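Notes follow the structure.
Chain lettering (A, B and C) follows the sequence in which the chains are written, and residue indices restart at 1 in each chain.
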Amino acid sequence: MEIFDSLMHGFAVALQPEHLLLALIGCTVGTLVGALPGLGPVNGVALMIPLAFNFGLAPTAALILLVSVYYGCMYGGRISSIVLNIPGDEPAMMTTLDGYPMARAGRGGEALGLSAVASFVGATIATIGLTLFAPLLVTVAIRFGPAEYFALFMLAFATIGGVTSGSFTKSFIAACLGLLLGTVGIDPVSSVARYTFGWYELYDGIDYLVALIGLFAISECLLFLERDQHQRVAPMQLGSAVPGMRQSLSCASTIGRGSVIGFIAGVLPGAGASLGSFLSYVLEKRWWGSKGRFGSGDPRGVAAPESGNNAAAGGALIPMLSLGIPGSGTTAILLALLLSMNITPGPLLFEQQPEMVWGLVAALFIGNVMLLVLNIPLVGLFAKVLQAPSWFLMPMVVLVAFVGVYSLNNSPFDLYMMLAFGVLGYVLRKLEIPTVPVVLGLLLGGQMEFNLRRAMAITGGDWSILWSSGISIGIYLFAITLLVAGLIYAWLVKQRLE
Amino acid sequence: MSDDASVSHAALGDRIAGAVLALLALGAWWHSHTFVTGFMQPVGPGVFPRLVSVPLGVLALYLIARPGINQRWPGQAALVRQLGMLLLLGCYGAVLEPLGFVPATLLATVLLMRLFGARWRQALPYGVLLGLALFVLFEFALGIPLPDMPGWSV
Amino acid sequence: MPINTTKIIPRLGISALLGVGLAVSLPSQALPIDECIAPADPGGGWDFTCRSVGKLLHDLDLVEGNVQVTNMPGGVGAVAFSNVAGKRADDSNLMVATSTVGMTQIAQGRYPGDADTMRWLGMLGTDVGVILVDADSPYQTLDQLLQAIVEDPTSVVMAGSSGAGGWDHIRALMLAKAAGLPGDRIGALRWVQFDGGGPAVTQMMGGHVDAVSTDLGEIAGFIESGDVRALAVLSEEPLPEPFDELPTAVSQGYDVTGYNWRGFYTGGEVSDDDYAAMVDTLHTLYQSDEWKEVAAQNGLVPLWRGGDEFSDFVRESIDSVEAISREIGVIQ
């Protein structure tokens, strides 16, 4: 088998001691950077580039280092989701929903262990999918045109009512608010400034990272300040990661489903890891119905989005490598990385530079295993960090986030914006309006709108294109089924309560 | 967040939020008509905001009519602390560029730690430590250029 | 999905200064270029311009340390333009990638400013427009495609990386006009904008649009792999290898050419000395064999205009694009 030989060759390269050491450095640094809210793969990669370029690393070695950082960051994002209720990056947002309640119940270590295994399995399944089916999946992915993408986003928003245990109305309100906020800025199609009110800083739209940090981190601090001095809780106990790893066996089916859903979302350029983790979570919640305790510390609520998120990150490599299209923000960083190393992804990459592709795939496998192993000592480290008194921990988190956000554009405006989102997040949480749909609307709204407008441009304004293909009809039927099931379920719960 | 026992059924919060959001939806709808549809665009820049503001408005009205549960709002002392944090971080943003990163951050870390309940003898040393650590992390390790102090450069 | 300010190549610490500073004598310049703004997401033409030129500047030791590439997408370059005009007008260490696409935006009044807002450094090469259909498309020649458009403009859906009225679209409309599509029917032609040439081509391969008008460089791989068929390149003469087989529109009887040059601008308040030094640096880069190689690999034809000559050229380009836009009806 040709693929197998190439991959073995890739492994032979990646397993050299020097490369293993680089992978270890990359994974450790990536995890730490990814865990800090406001800092993500961009910063992690930036941190490593001097090392890669100035110490004369060979291209393969540099690639292994940078890919490890990238994967490490994807792993690290969940850590602060679980222990602080503040996602390290946007795909890790869903992990706060059950991960933090688990940590509050003293099962933080378990959640970290479980999520590490789920991430590992998700990423491994995606990497295997990448190895075996990349060409085939590309032919499927290009069947998705503007109308099909629009249907996919409609599916996401139709299921949004199931995100939290709160009211349907409030979830949809939050989603609409996010979608509306997403339209702020210069419209790329017509160059018209929308809702900017003459503020040049708003031209580029509202940065989802600014919104995410504000809604989660700042509002978390505001909630914290509500408590009186003497009420301060004792530091949280994390516990060991090992039981969580064992527990992953009982969540095996959840992890499997999450991985497949995430992988599919990842392969579609424009959907990305956030949609992957979101759909994995929501569909898993529906799957278990009243048998699950999603939202109040159900381990499956950690396993599903984490496997989905990492599978999507792996799946997103397929359109990036074989079509040169970055499916999401983080893949775009990896694409920029490859370009700066004179590797041009595209239809000929697999033929022209096979050793590079399979070296990359081998690096992904190795990075994955390394992250899983690293996780056990790192949980200990984070447990130590959590022992720090809250008067040190909270200011540290706030200021790291603050400087991270400032460094996006070197603009104090982003800081004020973040504070505004902090207040918004606080008020929404007091009103029991979930904040996750706001970020999701902000993240996906742009693509949703442009695919709608593209579909309209194809037909010259005939809306029937939206439901004219088998794929879109299938997606809509699925969305309606889920929506109706959700409404009936909510009604039944209400009946029982009354 | 709903694990707090302090859930009240006073629906006033939801009603106010519903009213604000309904106004927002109305404003967004109205303002979207000023967006000029460009050359050869069957769907202009105003359509999507309108498509979103309709369900937002309807749901907001529904929220006014059938409000749900809210959590209890904080007391006065807590409110002062929260405003203090927002004010402190706002000022930090404002002085970051004129004062330079290091002095502004040292001030912010020390004061923020005080706000989160540290004593002065805790806040001063640890605040300085955290501030300097942040500087080293961002300026040198992450290679992000931070605003210099006037007259100094790194 | 928005991707904001991806800062990939950071300013380096001391190591780079030591490493490079000792090894070479730098050309006369006050401040070295250390940042290049690509007003788009990674992967497109502007991003490529910044990354390849930034890397070469470093490799050829024309600058100290690395050149940081900042992606600042939004408004087809309008966000970067207004950012530089407003905050960084006198930064002599900064250059911004632009091209004919940017000129089109200025010509149609879509940037907050005109050509005088910035100082134009130079262009290093040109990309060339190309009209593509899927390998399985019924259209075998440019004639067949254009005749179908003239008979029924609504029957063909075209796509590209620019918005309606942008440079990719204008080039397609110029062809349709040359084929005899009456002015009042131009509005009936369908045009779909994607995030770049690559996405447009893959959507065409998926059967969602019928033809693509974009630049050759970004999608050259799809022609080489045989996934798509190039009906015409919009150059005056046939291209050098490996694209020498592709027919020009001119050779098929349609007198339409459409290049997309790649160049840089800097802030309008950069001093004359710094400006001259920056132009000088870019010219040195242009003359290197390495640039010729990188350009050829990416479907660009090396071509230099710098300093005042380039500034005049920019103004002429803007005027001519404005005239075309008016003729077609993009602007009134």
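Operating definition for what follows: contacts are C-beta pairs under 8 Å (C-beta built on N, C-alpha and C of every residue); 3 or more make two chains touch, one makes a residue touch a chain.
In UniProt terms, the chains line up like this: B, C = Putative tricarboxylic transport membrane protein.
Since this is a predicted model, take the numbers as computed values, not measurements.
Once CA atoms are averaged chain by chain and compared with the all-protein CA average, the nearest chain turns out to be A. Judged by contacting C-beta pairs, the busier of the interfaces B-C and A-B is A-B. Here the spacing of chain A and chain C, counted between their Cα centres, is 32 Å. If you average the Cα atoms of chain B and of chain C, the two centres end up 38 Å apart. Inter-chain centre distance (chain A to chain B, centres taken as mean C-alpha positions): 22 Å. Shared interface positions of chain A, defined as residues touching 2 or more other chains, are 46, 50, 189-191, 407, 457, 459-460.
Each of residues 7, 10, 12-13, 163-164, 191 in chain C touches at least two other chains.
In chain B, the residues that touch at least two other chains are 38, 41, 142-145.
Only residues 7, 10-13, 163-165, 187, 189, 191, 329-331 of chain C touch chain B when the two sit together in their complex.
In the complex of the two chains, the chain B residues touching chain C come out as 38-41, 140, 142-145.
In the complex of the two chains, the chain B residues touching chain A come out as 1-3, 13-14, 17, 21, 24-25, 28, 31-32, 35-38, 41-45, 47-49, 52-53, 55-56, 59-60, 62-63, 66, 68-71, 73-74, 77-78, 81-82, 85-86, 89-90, 92-94, 96-97, 105, 108-109, 112-113, 115-118, 122-123, 126-127, 130, 134, 138, 141-147.
Within the complex formed with chain C, the residues of chain A that make contact are 42, 45-46, 49-50, 53-54, 142-146, 185-186, 188-191, 200, 203-205, 207-209, 269-270, 272, 319, 323-326, 328-329, 332-333, 335-337, 339-340, 342, 344, 346-349, 351, 407-409, 443-444, 446-447, 450, 454, 457-460. On the side of chain C, the complex with chain A involves touching residues 1-10, 12-13, 15-16, 19, 41-43, 47-48, 51, 55, 66, 69, 71-76, 78-79, 82-83, 86, 105, 110, 112, 154, 157, 163-164, 188, 190-194, 196, 198-199, 202-203, 205-209, 221-222, 224-225, 227, 298.
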